[in-house]
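What follows is a pair of complexes built around subunit A, which joins subunit B in one and subunit C in the other.
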Partner chain A sequence: MGDSQYSFSLTTFSPSGKLVQIEHALTAVGSGQTSLGIKGFPQKFHLSDQADVKLLHRIIRPSNGVVIATEKKLPSILVDETSVQKIQLMTTNIGVVYSGMGPDSRVLVRKSRKQAQQYFRLYKEAIPVTQLVRETAAVMQEFTQSGGVRPFGVSLLIAGYDDNGPQLYQVDPSGSYFSWKASAMGKNVSNAKTFLEKRYTEDMELDDAVHTAILTLKEGFQGQISGKNIEIGIIGADRKFRVLTPAEIDDYLAEVE
Partner chain B sequence: MSRGTGAGYDRHITIFSPEGRLYQVEYAFKAVKASGITSIGVRGKDSVCVVTQKKVPDKLLDQTSVTHLFPITKYIGLLATGITADARSLVQQARNEAAEFRFKWGYEMPVDVLAKWIADKSQIYTQHAYMRPLGIVAMILGIDEEKGPQLFKCDPAGHFFGHKATSAGLKEQEAINFLEKKMKNDPAFTYEETVQIAISALQSVLQEDFKATEIEVGVVRKEDPVFRVLSTEEIDEHLTAISERD
Partner chain C sequence: MGYMCWSSEIAYSGGMARFAADVPTRGGFSFDLCQRNEMLLKKGNQLPTFRKTGTTIVGLVFEDGVILGADTRATEGPIVADKNCEKIHYMAPNIYCCGAGTAADTEAVTDMVSSQLQLHRYATGRESRVVTALTLLKSHLFSYQGHVSAALVLGGVDITGPHLHTVYPHGSTDTLPFATMGSGSLAAMAIFESKFREGLTRDEGIKLVSEAICSGIFNDLGSGSNVDVCVITRGQTEYLRNHQLPNPRTYVSSRGYNFLKGHTGKTGEPYIPPNPRR
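Entry: the complex of A and B
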């Protein structure tokens, strides 16, 4: 990657030991549209055998899952909002939302999709969420060290459901990632996180999580919130990630009023 | 060589500024405006129309060679506003990509797929230092088999959206304000209305009436999905219709 003329890293240490390009990338994320994610917790079973736990999950089917949501503010009413989808699928059971520079997120989604398929081709098994997160984060780290490139100007919230239950990870431009019970990114991050800290409970059901997500977005929302200017993606025990239609979002909004 | 501490190089290559901005990308947008041309695109119920100014700076120039409207395939057109040289480079690559797509997959490249490809290429130039962003905003038009008439706009930052109507170039904001009023209630324009809205938007924003030789018009219609550049006679008909209507 990068031409030989630029085979030196553009991200270098400042005298105080900071990587300023990454910090600037985080600033770019902080000026992006707000997005957030909430994870419902699996019920706790105290069993000695892991296999029994997996079997129990399949029989009892706890109605937990993960929800991710984002503002979808478009630059003009002339933009056809059906042509824009910010929440994307990485695999059938893993979805992602970003805050920051949209074009950069497309690159990451494309690379991650390919990595997921390569994993499947090799192991004939769906890629676990943690593995995909790790590989995506590795790509982001590469761009902070390789020659002639700048870091990605996005933070990602990756939501998935696999044999380890529902999972939510946040990946930053530096390539570091953490698992979250609930998180927010973008313009309104501090208010959103405070709101989530108050509202989050460990035994949240998916429907409650969607309501909480909507209320959190509403906190910092400028203008009239509707199914056309926010996007919500959910994944439950059925392991199928899906983006809600504007009509479904409007139904949830009506319930929240 | 000082690198990326915000000590000036953030304005020369696409690395982040302390505020998290990419100055090179912002300057690329300015280059689009500096061309001095304004373009308009409007999507109707079953057609799409794009209009742009045709400024021939020298009377000795061969006017037929001055153009910003390029067919990418028989069915997809591209209107490039900004640096003409960058436009030709992009058009060449897009034509190649569309032809390869047709060969590989056996069906015509859809408009939104081409728009995404162009936008992804633009994004690479915003992230890799060895290539600068292109100084053009591209409007891509075509009729999609499933979705009907499509108008996409791709910019130097790598963004792309589908539009009901849009504008690019010097008077971009004024034109968008004009079009927002016209498109407010989701009207479904016929072919004639689409062309006339586009031309009258340009006339209103630039506050001058055009001769047919001073503008270029490109259209695609559902009943004839081929991308066509209108002849001077056809443009004249529309201009007459507009002035009679007023």
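Entry: the complex of A and C
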């Protein structure tokens, strides 16, 4: 990667041991639009037989899953909001939202989609969420150590549902990733996280999670919130990631008020 | 796709294959080892045989969409390698592809294009079109100049309507209302040519496809076993695996064999029982 002029990395250590470019990338993320994710949890049963446990999860908790949401503030009222979709699919059961620079996230989504397909071609198995997160994070790390490139200016929230249940991961420009029960990124991150800490309960249903997500976004929202200026993606036990239509979001908003 | 050597079978049987990892990949085949392979053949090194699907595959367009059919025998020369293999491959929810020729080639090429179609669906947000699959297949096969031995019947229904195409190993394609490929294609085409008409109903179409495949199964040595059918209409696809089983396996009677005394000759030596355990 990089021409002969730039075969050295532009991300170098400072005397204090920090990678300043990554810090700046995190600043870029922090000034991006707020996005958040909430994971629903399966309840814990004390059973000796593992097979029975899985069956019970499916019967008793059909509505657990993951919600991700983001503000969709457009630079002008003249922009056609139907042409913009911030929440994207990586596979049929994994979705992603970002905070930071949109074009950077497009590159990552494209690479991750391809990696998911390559995984399937090699193992004939749908890629588990953790594997896809790991590979995406590896790409982001590559760009902090290669010649002539800069780190990505986005943090991603990856939501998926696989054999290990619902999962929510955050990936940072440095390439580090964490699993979260609920998380927020972007402009209003500290307020949003405080709100989530108060509101989050372990046995949230998917609908409740959507309501909580909307309320969290509302906290720092400037202006009138509607189905046109926020985006919500959900995935439930049916394992199909889906972006809600503006009409559906308006319904949820009506319920919340 | 990168660096691939068509003569890799010989290379592997001969010893280590040296792949130049530092040469930039350009796709298609590299013919660097051809001279060496000729020399090895003269010396007596035989190419290992590969499994082919001596096959009957068919497709036809009916009033609501497309019906594909295939037999289920995979052969390795004169030997039946798989009595019930699947020759109708998934490309997209609304597009399926029957494959004749070298089994590995048809599998690999349909898997690859299926993956590419999925990525395209994510990028565009739209249902895949049959012509997209067709163009991806033909450009891949053309770039390998016929060495990827895959002869395909591609069918599906998309927003522009039902489509049926045949793809040949060198990369040429035809668009047809009914098509047959494989070693049993003549037997199947005879059935189609006499009985096909436009605007068949679903049941008529399935019956005609099954008849054509059966004709291939019974009259062509390279085809046999069962009939697989796939019905694709707007919004729905039905994969009828083993729709007909006209060659049931008859096993030896479960009563077992009855050997009379004296069947087995005796040496006359005394029987010494083995040492009992202490």
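Throughout what follows, the second predicted complex is superposed on the first by the 239 of 257 C-alpha atoms of A that agree within 3 Å, B and C clash if a C-alpha of one lies under 4 Å from a C-alpha of the other, contacts with A are read in each partner's own complex, and residues count from 1 in each chain.
Simple rule for what comes next: a residue touches a chain if its C-beta (ideal position, glycine included) is under 8 Å from a C-beta of that chain, and two chains touch if they have at least 3 such contacts.
Just so we're clear, the structure is a prediction, and the values are computed from it rather than from any experiment.
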item: Subunit B versus subunit C as contact partner of A:113, first or second or both or neither; value: second
item: Partner chain in contact with A:103 - subunit B first, subunit C second, else both or neither; value: first
item: Partner with the higher number of touched subunit A residues, subunit C or subunit B; value: B
item: Subunit B versus subunit C as contact partner of A:212, first or second or both or neither; value: neither
item: Partner chain(s) touched by A:89 [first = subunit B, second = subunit C, both, neither]; value: second
item: Partner chain in contact with A:121 - subunit B first, subunit C second, else both or neither; value: second
item: Which of subunit B and subunit C A:80 touches, first, second, both or neither; value: first
item: Partner chain(s) touched by A:151 [first = subunit B, second = subunit C, both, neither]; value: first
item: Subunit A residues contacted in one complex by subunit B, in the other by subunit C; value: 110
item: Footprint of subunit C on subunit A - complex, ascending; value: 88-90, 110, 113-114, 117-118, 120-121
item: Subunit B-facing residues of subunit A, complex; value: 1-3, 5-6, 8-12, 14, 20-21, 24-31, 74-80, 82-84, 101-104, 106-107, 110, 143, 148-153
item: Subunit B to subunit A touching residues, read off their complex; value: 3-6, 13-22, 43, 112, 116, 119-120, 122-124, 126-130, 152, 157-159, 161-166, 176, 179-180, 183-184
item: Complex contacts: residues of subunit C adjacent to subunit A; value: 111-112, 115, 118-119, 122-123
